[in-house]
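What follows is a single structure, written as structure tokens, with notes after it.
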Amino acid sequence: MKVNNVEIEDTFCEAFSGYFARVLITAETKRIAYEAAREVTGYATSIIGCSAEAGIEKYLSPAETPDKRAGYVIQIWTSKKKIEHELIFRLSQCVLTMPSTRVFNYLEGDEKVKAGYKIKYFGDGYEKEVESYGRKMVSIPIMFGEFLIEQEFSIAKGIMGGNFLIMAENQASALIAAERAVDAIGEIDGVITPFPICASGSKVGSKYKFLKASTNEIYCPTLSSSVENSKVKDVKAVLEIVINGISEEAVKEAMRAGIEAACIDGVKRISAANYGGKLGQYKIYLRDII
Amino acid sequence: MKVNNVEIEDTFCEAFSGYFARVLITAETKRIAYEAAREVTGYATSIIGCSAEAGIEKYLSPAETPDKRAGYVIQIWTSKKKIEHELIFRLSQCVLTMPSTRVFNYLEGDEKVKAGYKIKYFGDGYEKEVESYGRKMVSIPIMFGEFLIEQEFSIAKGIMGGNFLIMAENQASALIAAERAVDAIGEIDGVITPFPICASGSKVGSKYKFLKASTNEIYCPTLSSSVENSKVKDVKAVLEIVINGISEEAVKEAMRAGIEAACIDGVKRISAANYGGKLGQYKIYLRDII
Amino acid sequence: MKVNNVEIEDTFCEAFSGYFARVLITAETKRIAYEAAREVTGYATSIIGCSAEAGIEKYLSPAETPDKRAGYVIQIWTSKKKIEHELIFRLSQCVLTMPSTRVFNYLEGDEKVKAGYKIKYFGDGYEKEVESYGRKMVSIPIMFGEFLIEQEFSIAKGIMGGNFLIMAENQASALIAAERAVDAIGEIDGVITPFPICASGSKVGSKYKFLKASTNEIYCPTLSSSVENSKVKDVKAVLEIVINGISEEAVKEAMRAGIEAACIDGVKRISAANYGGKLGQYKIYLRDII
Amino acid sequence: MKVNNVEIEDTFCEAFSGYFARVLITAETKRIAYEAAREVTGYATSIIGCSAEAGIEKYLSPAETPDKRAGYVIQIWTSKKKIEHELIFRLSQCVLTMPSTRVFNYLEGDEKVKAGYKIKYFGDGYEKEVESYGRKMVSIPIMFGEFLIEQEFSIAKGIMGGNFLIMAENQASALIAAERAVDAIGEIDGVITPFPICASGSKVGSKYKFLKASTNEIYCPTLSSSVENSKVKDVKAVLEIVINGISEEAVKEAMRAGIEAACIDGVKRISAANYGGKLGQYKIYLRDII
């Protein structure tokens, strides 16, 4: 199959289950809301080595938010066990500390963590439980004024590690294709690209026992003539786009938009990363989404 | 003492020792180098709740870097014990994964950690120790091509938590003053502002035993009439600028530049956060730096 | 009347008729589309001294554009007589010259100018009239590849000079209020803010015969004690937000959103600029829109 | 000759004389200074169709400016006859109108235009001639406060139209190479890239009598098999980088930096645009600068 003269390999990506929260951060100006969203989703590319995977999902205009201020929806992903702790620390360290922010739950569902409720203790007794903007929130006095955060945040099981590979004639083509893909995915509801572009896609395991993941040599262009089964004999640069989403449908929609955007002149093939189907609960075939 | 009609309180900030690495990240384009620097320094506002404090120190033009590509110098701060681990994880998760980056040590000194050397294992046997750009580096084959990182990074003892408080008539004045302060500090060599602006400066301890830090109620404008000893009866918004630097001189220079920039119409006073002088190794008096 | 404790003066803004085109610029990446939109709308704050007034109205996602690429809608305003010339020069100099752009008419209506048709001559005989994306376009071979622009652009009579004044206690408060106002107006369909913020609102005429417009001394805070009838005895900074829109309704909607966003602590009053009602075809009373 | 495996053609660019002013714009925040610099240099890619060529030359830190505020140095180019008029209109429409800006001459030399002096009439009698920051300036009361602009601006003869061509295997490679080139040139003192990237380099004249410039068909990839003497039979995208500079040395230095940055994988050749040497006063041979 070809899209815009770029071959789509007949393969699948392997994706996994994970837990996420979907959080809305608003502020007095769009710029401040963005800075908070950026900081809180930093150092969060992969749970292989980060405490979470996170990213900015979308911008909401003042008309779309509970407090009628500009805001950004972010997603934070990790295991069910760790997610409350992760929310407490990321939101208290990176959003409570940013001037004028407020934090709202942006996910429906009965499974909840009490991240806001626990952050309230920072108020040292001066905090209050309040009902604001139709939400149960806590009000914490801070140096800049009053910080408001919703008491509870819904969490849900979603799908992590949806992906595709951009295989290009040269690095520049891979970069522009990936930029286009990330922009296109940015328009899709319910998904984030935690890296946002991954230059060093990995395989499971390693010859070094202490490593859970290592470079995927068959996709490394500089090794194309020295490893067996190299899949990149005809390409000089590969970039992986990794997608987490609230549902398999959202991830598929994002993969479709991203792949179509990535099929530009200079890209030879689109593929996807899988591990023989042994690890992931989800298999998404490229031929099913294009 | 007054600067531009703004009172500078006769007080001091209390600062602490900490360990830092100073790391240069270069990439094919300035934009990519910036994105890597931004991601690797995310979720790193305060070691109270983050695994490190980090920030972008400065931009280096192609003429100033070993590989003649645009780059950003970042600083990563934590304890001596944790710094190697922190560098390994932040650099492998957030820089190795960004297309076209290279990583160089940007600090002199014999105390070193082997962060690059240990990241090399990601290469799963295909990595090589090389001498490039006059540095001892490791070369790791990745999907995008070749990733180069210096084997060892110097670490050193620096000063964390230099700070001053912007006390303003309203929130807007505090925001513009803080933006000016951060921009001014951005020009000073050797320092970062990890937050970069802190809206929720804390005191040590809390009535809740499990909390090491809590809101500093005497600086909270919404509590000005309900707490004893409120220091903000005449102001409506306070922002704290926190500065980490490679030396006391660098921190003082940054405080001076930041305070002068913050003294605009609408700001009533500049103060500083201290804990009675019991905790920090450093006391920096505002009257000594202005 | 008050909004968020800020007084809304019982006055009106005086606005005028003018002609505009509404143009969609798409490109291979969102970033390039933005750069083209920015350049083509530059040097276009006021027809008092610029050849046009122009601004970016909104972003369109790939799903919303004819060629399924990210794009920006811009507006270009001037007199009916000059608008074809203005489009020809701005679009050929600033968009044709940007790599990968395409240009589409984004306005309905039978009154049209042949800007694209005339730009085609740049093709020096190699240009072609084509039907692409369901539009009548011209295809011009250029160094980067093929440039496509729609042959005809609709123009229409709209309303220029809708405005309000932010009167603040200090400059910082005016700046943040204006930033909030411009962001809020940016969400409204059909309008632009050509300045985007005007620090030097003018009155009609001058004591110097050769000048059509001059500083409006009764709104100048530094003259508050030296001119008669000063309207700013109690404020220290005034910023004007000027709005052009495709209809009176769009301008009113933008004024409403902008004024509500501007009513923050530190702002004393919202007013509007008029010339006694003698000049403009439109009078928009603040009390009618809030 | 080759740079990084990219062929440098043995040819020259043809450049011209032109007049320029070099102007420093400062503001309360770096962001506002940037916005003013951006607006005032808009719609200024080529004097073929714009009233001027203009661009941002460099950022100056507060320590480097007369009023100790962050600023940007811009250049505005046109003919000697038109330059005073151009400065008056661009600076009054796009900088006077931006909150908190000040404008300084940033060029030495006795040949001067009275742009600031003439803008003063906007003050309608309330303006004053003052000496501030060691400069002869005018102070104009405006709504935001006081606007200060230097009375006179030096102008000088410089060199316009220095250029080189990036000839690439595909569009993506040309885009990344051009981005790298523009970034590299951005580090060179005394130069601007008015487009900043030109996708539609032109030849002198046209078969249409009313056109002074038209597409340069021998460099158009889509015409490579249909025109005689096509120079792009082996490439699929060409971008031109145009450089204006205060001296031939500055332009050469910028060309060298830009060409070296542009020589990446995916670029086949670097060439330069000339008109047989009949038009320009300057011929810059690529072999002399690499």
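Letters are used for the chains, namely A, B, C and D, taken in the order the chains are written, and counting of residues starts over at 1 for each.
Note that a residue touches a chain if its C-beta (ideal position, glycine included) is under 8 Å from a C-beta of that chain, and two chains touch if they have at least 3 such contacts.
No experiment lies behind these values; they were computed from the predicted model shown.
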{"item": "Longest centre-to-centre distance from chain D, chain (CA-based)", "value": "A"}
{"item": "Inter-chain centre distance, chain A versus chain B - centres from mean C-alpha coordinates, in Å", "value": "25"}
{"item": "Euclidean distance of C-alpha centroids - chain B vs chain D, Å", "value": "36"}
{"item": "Chain C: positions in contact with at least two other chains", "value": "28, 171, 175-176, 236, 264"}
{"item": "Category of the chain touch graph - line, ring, star, complete, other", "value": "complete"}
{"item": "Chain D - residues contacting chain C, complex", "value": "28, 32, 38-46, 48-51, 89-90, 92-94, 96-101, 121-126, 140-147, 165, 171, 174-175, 178, 195, 197-203, 206-208, 210-211, 213-217, 219-223, 227, 236-240"}
{"item": "Residues on chain D engaged by chain B in the complex (per definition of touch)", "value": "28-31, 61-63, 70, 176, 179-180, 183-184, 187, 257, 261, 264"}
{"item": "Contact set on chain D toward chain A in their complex", "value": "169-173, 175-177, 236, 264-266"}
